[in-house]
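My structure is below; once you've seen it, I'll send some questions.
Order of writing sets the chain letters: A, B, C and D. Residues in each chain are counted from 1.
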Amino acid sequence: MNQRTDLAVEAAELKQLSEKDGFLETVTAGTIPVSKVRIVNENAASLTGKPIGNYATVFFDGALSDDELFGHAVERTADLIREFLHGAKSVLAIGLGNAEMTADALGPKVVDRLIISRHLKEQLPDLYRELALGELSALRPGVLGQTGIETAELIRAAVDTVSPDAVVVFDALASRRVKRLCATVQISDTGITPGSGVGNHRARIDKQSLGIPVISIGVPTVVDAATLTADALEKVGKQMNHPSAKALAGELANDEGEALRELLGGYENNLVVTPQDIDALVSRTAKLLSEAVNIAIHNVDREQIDALTGV
Amino acid sequence: MNQRTDLAVEAAELKQLSEKDGFLETVTAGTIPVSKVRIVNENAASLTGKPIGNYATVFFDGALSDDELFGHAVERTADLIREFLHGAKSVLAIGLGNAEMTADALGPKVVDRLIISRHLKEQLPDLYRELALGELSALRPGVLGQTGIETAELIRAAVDTVSPDAVVVFDALASRRVKRLCATVQISDTGITPGSGVGNHRARIDKQSLGIPVISIGVPTVVDAATLTADALEKVGKQMNHPSAKALAGELANDEGEALRELLGGYENNLVVTPQDIDALVSRTAKLLSEAVNIAIHNVDREQIDALTGV
Amino acid sequence: MNQRTDLAVEAAELKQLSEKDGFLETVTAGTIPVSKVRIVNENAASLTGKPIGNYATVFFDGALSDDELFGHAVERTADLIREFLHGAKSVLAIGLGNAEMTADALGPKVVDRLIISRHLKEQLPDLYRELALGELSALRPGVLGQTGIETAELIRAAVDTVSPDAVVVFDALASRRVKRLCATVQISDTGITPGSGVGNHRARIDKQSLGIPVISIGVPTVVDAATLTADALEKVGKQMNHPSAKALAGELANDEGEALRELLGGYENNLVVTPQDIDALVSRTAKLLSEAVNIAIHNVDREQIDALTGV
Amino acid sequence: MNQRTDLAVEAAELKQLSEKDGFLETVTAGTIPVSKVRIVNENAASLTGKPIGNYATVFFDGALSDDELFGHAVERTADLIREFLHGAKSVLAIGLGNAEMTADALGPKVVDRLIISRHLKEQLPDLYRELALGELSALRPGVLGQTGIETAELIRAAVDTVSPDAVVVFDALASRRVKRLCATVQISDTGITPGSGVGNHRARIDKQSLGIPVISIGVPTVVDAATLTADALEKVGKQMNHPSAKALAGELANDEGEALRELLGGYENNLVVTPQDIDALVSRTAKLLSEAVNIAIHNVDREQIDALTGV
């Protein structure tokens, strides 16, 4: 059965990968643990379905409702973004996703809270120097159904116009585990395929296609309903430790999810599982990410950000 | 396992009830089918978990994306609301739910589109007579976490203030079937228990407690994740028609959902399954319901409603 | 000409009142200046159009875009709210105004960010004690056109239900001076007349009618277009210091605004002047007020508020 | 004094232009009157401050609250858009403005309600043929403060990507007369200067710069506060027909608005006058414009639009 996840750490966990498979992981424990993963070769890439490259994952469980943890999560994330940016001076931020769909609105919401500064360099050079801001511009490309234009094409056009040193892309992801929803951020240098989440595989946005580093930053906001159900079948079987359950698990694995697909009716890929308070969780998570980016790029204090963005 | 549904027709289907159990159902076929159900006695009430009374269910599958079907669904729903109102002249509409949570915002969104007229009677008596409007007032009581006040108490206070002939309550429901999400409206004369959907059983709002008819109108916007998973386990078992599967189904039934509960982690009751485009579906459904109510109460044409409400 | 203002300090300034007229004012200078005014007798009340009582005005010019000033403004406002509450333990907050109208949405927006705790006392007594929160409940009554119910009646019904020690009412005001928009907060103990801003004088909400203290907290978000124009005519005349200008000013004063009324066409009272970025200003101001109230009632730190309210 | 207007008809009226000045106007009376204007030469362009070209203005006063008039206004506007498009088959719609600022959100709101079809041609060729839709794509470029990128550059990049036959740009305008707010639509073939409304004159978007027709469609949503006040001073003077008033008018004209500027304090260009219910008016106007465009481009019925756009 297809157990979908956009997180490299989950994909590796699912396949129980280790170093000999081309999968390297270093975990730093703490109140805000961080995992750094390297997909080393095509073997690991093929087994996980994730491109060769670097992935950092921040686990910020509990931070959305605890101001101290929230601050730590912002700092850890900001540090990692700085690492991935390798000193890029001019950054173009892309807020992927549909601002009109709660669980998909993370990207646009992050971009709404960024301190945009590129135009100040020319318009208000004194202020720009005084604030000592980095050079940040932003695009909310919308989704294909809203624009009729491939997102990858719009991004490429914006990159041509802005000529940044690096692109940072924000997107809502799908995870396999409910406990990781709005509780985990993945940062990678492998680029993205816009719209891949909804079954449309389109042109890839990455260093190879754009000629500059593409850092993607994502947080899972949904679990695919099919994934949850498949996992439930598998785990309940295992957990009951009953011969019949094991047999069923085997059957299901061979069934390729036909039974499941029928159950979920016409919706299938578009049925998602979320916490009931997903609206508030997405907003808080967007706040966390935007603070991390503002700090990583502009070297501002957390306290200044609200006043500078007017939010 | 607890398979939760707020729809009387689903609860009866689950228990395979029939007339001898105290469950009467008449179905009218058509492009917009309607089921009328009567829970006759305590036996049927106890088996379904729904109070004795009348329930009408409109199946408007496909109507949200087809303007002709949409019009039919509005009319069928308006007819049924008129039936349930039994000629009540002054109506107080209550939009239950949390306007800040997509899937729970149906009630407030319906009320936002109603033609409110009670104050015009005194303020603009000529206009009021000329338009020949019914007398409609409205309350958005919010939810306990937003107000700190029991919703039932606020409703009772508003009823004392307004003295309407009837109360109509709008709410988002949970169904057992994904295909019924934003595709089914249930109208009943049995009242409601505000907040019952999230596990808090509080004071009941019904004809007995208020002294006037309480018509509740609800549309399922979520399937409980626990319900979906439990159903999946059961159905996959049946469908595979395998001795081991049947045995597992039996085990699970005895397990009282312990295994499942652990799987869904800390979230349990608050994990919901929705279509990915739930934001748009809830808005369109609110439009459908509000048009039906405006027509049932004010005798206006569908075309006039936008101009009268300014939406 | 009718130069409308909801600020007592502006009304007194317009009439050039002093102590002998029954108008007492003490101003505390500083980065966030505060004026404390007492309307002592009927003479001053009649001259200003403001009821006898106490008014405190905080001038927080510049605070919305400077995080340090913002913090000071929150503290000064919190101190004054504490003074006006005279130790009230249980408070009902009312967010007046229409959440769908940018400049009128201040009241609902403040209430959206309050830490509501009244229900926790019974539901989660341990947490309630541990957090040592005050007892806060809230109502967003909407406006007459949305409910068909007099706001004063809804407030009275909520007070009967909740039985608080005091009511705090939040509302958007009109000022006479553009520079005071989203830059001034007025706190008073004289109550309010809901809807008075839009020409409908309805039942008063005050200590006399409710039997408990009613603290009203308001920030000007608009200048009446008629007021601005009248002021312009008067001031330009004076400023040019020309005999003909003075003569014109006299004519205009006698004209009772007929000429002006014709100019503003059908709109008159409903035409407002705002800064172009009023949406952001109202949101930031709501944040400032809600932080002040949360601190005054719950004794929390500013840093904890976002985590506790989930905003 | 600078009396700002984005409407060619108002600019001509202000200067009392006629045919001999190079200004041609034909007015069609009716419930929805239409004015067609041609700025013929540089003389008229310089006097009005509007480029040489064609301007059509639809006066839809009263249509937002009357469903019959609304329908007529949609049809008249659709007819004119068709005329200006000269049979263009593939159209790129641009929603200019800041979606977060009520009075500036018209452009993005119009684009939100368009039937976007360009991608269907390739993705769902059968549906595309069956619906017989025109080819429409869209961009919401945001404003400079949100992106750090010149709007004109983003539009140019999108035009390069999409290669449409024509561009249609939607924008909120400023008028001189309060009665024209959300009551007038101007369609022209002269292009636009993004951000010109807020004092930043940037690269022009027109047929010359893009190589394809640029149709701009705008509705006034604000009157500049400085314009209103200047007009008030002038008109009150005239209306009173008093020698002193006439003298003052003369003085003011020579004063170049110094007095006025001081009066409006730090805000000046950014203080706007709007009806109090501007939020609802902008939404209704966006509905009117989007229906007109959908009809002009896709040949759909008004009734189908909601179902096709899911709004």
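One rule holds in what follows: a contact is a pair of C-beta atoms (placed from the backbone, for glycine too) under 8 Å apart; a residue touches a chain by one contact, two chains touch by 3 or more.
Treat the numbers as computed from the prediction; the structure is a model and nothing was measured.
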Exercise. When you check each chain against chain B and chain C, which touch both of them?
Worked result: A, D
Exercise. Would the interface of chain A with chain D count as same or different, where same needs over half of all numbers used to appear in both copies?
Worked result: same
For this session: Compare the CA centroid of chain D with every other chain's and tell me the farthest one.
Result: B
Problem set entry | Centroid distance [mean C-alpha coordinates] between chain C and chain A, Å | 43
Exercise. Chain A to chain D: how many Å between their CA centres?
Worked result: 39
Exercise. Centre to centre, by mean C-alpha position, how many angstrom separate chain A and chain B?
Worked result: 35
Exercise. On chain C, where are the residues touching two or more other chains?
Worked result: 100, 277, 280
For this session: Going by the contact rule at the top, pick out the chain C residues touching chain D in the complex.
Result: 100-104, 178-179, 198, 222, 225, 228-229, 231-233, 235-237, 239-240, 242-245, 247-248, 251-252, 255, 259-260, 262-267, 270-280
Problem set entry | Touching residues (chain side chain C, partner chain A) in the complex | 64-67, 70, 277, 280, 283-284, 287, 303-304, 306-308, 310-311
Problem set entry | Complex interface listing, chain C residues touching chain B | 100, 112, 116-120, 136-140, 142, 144-150, 153-154, 156-158, 160-162
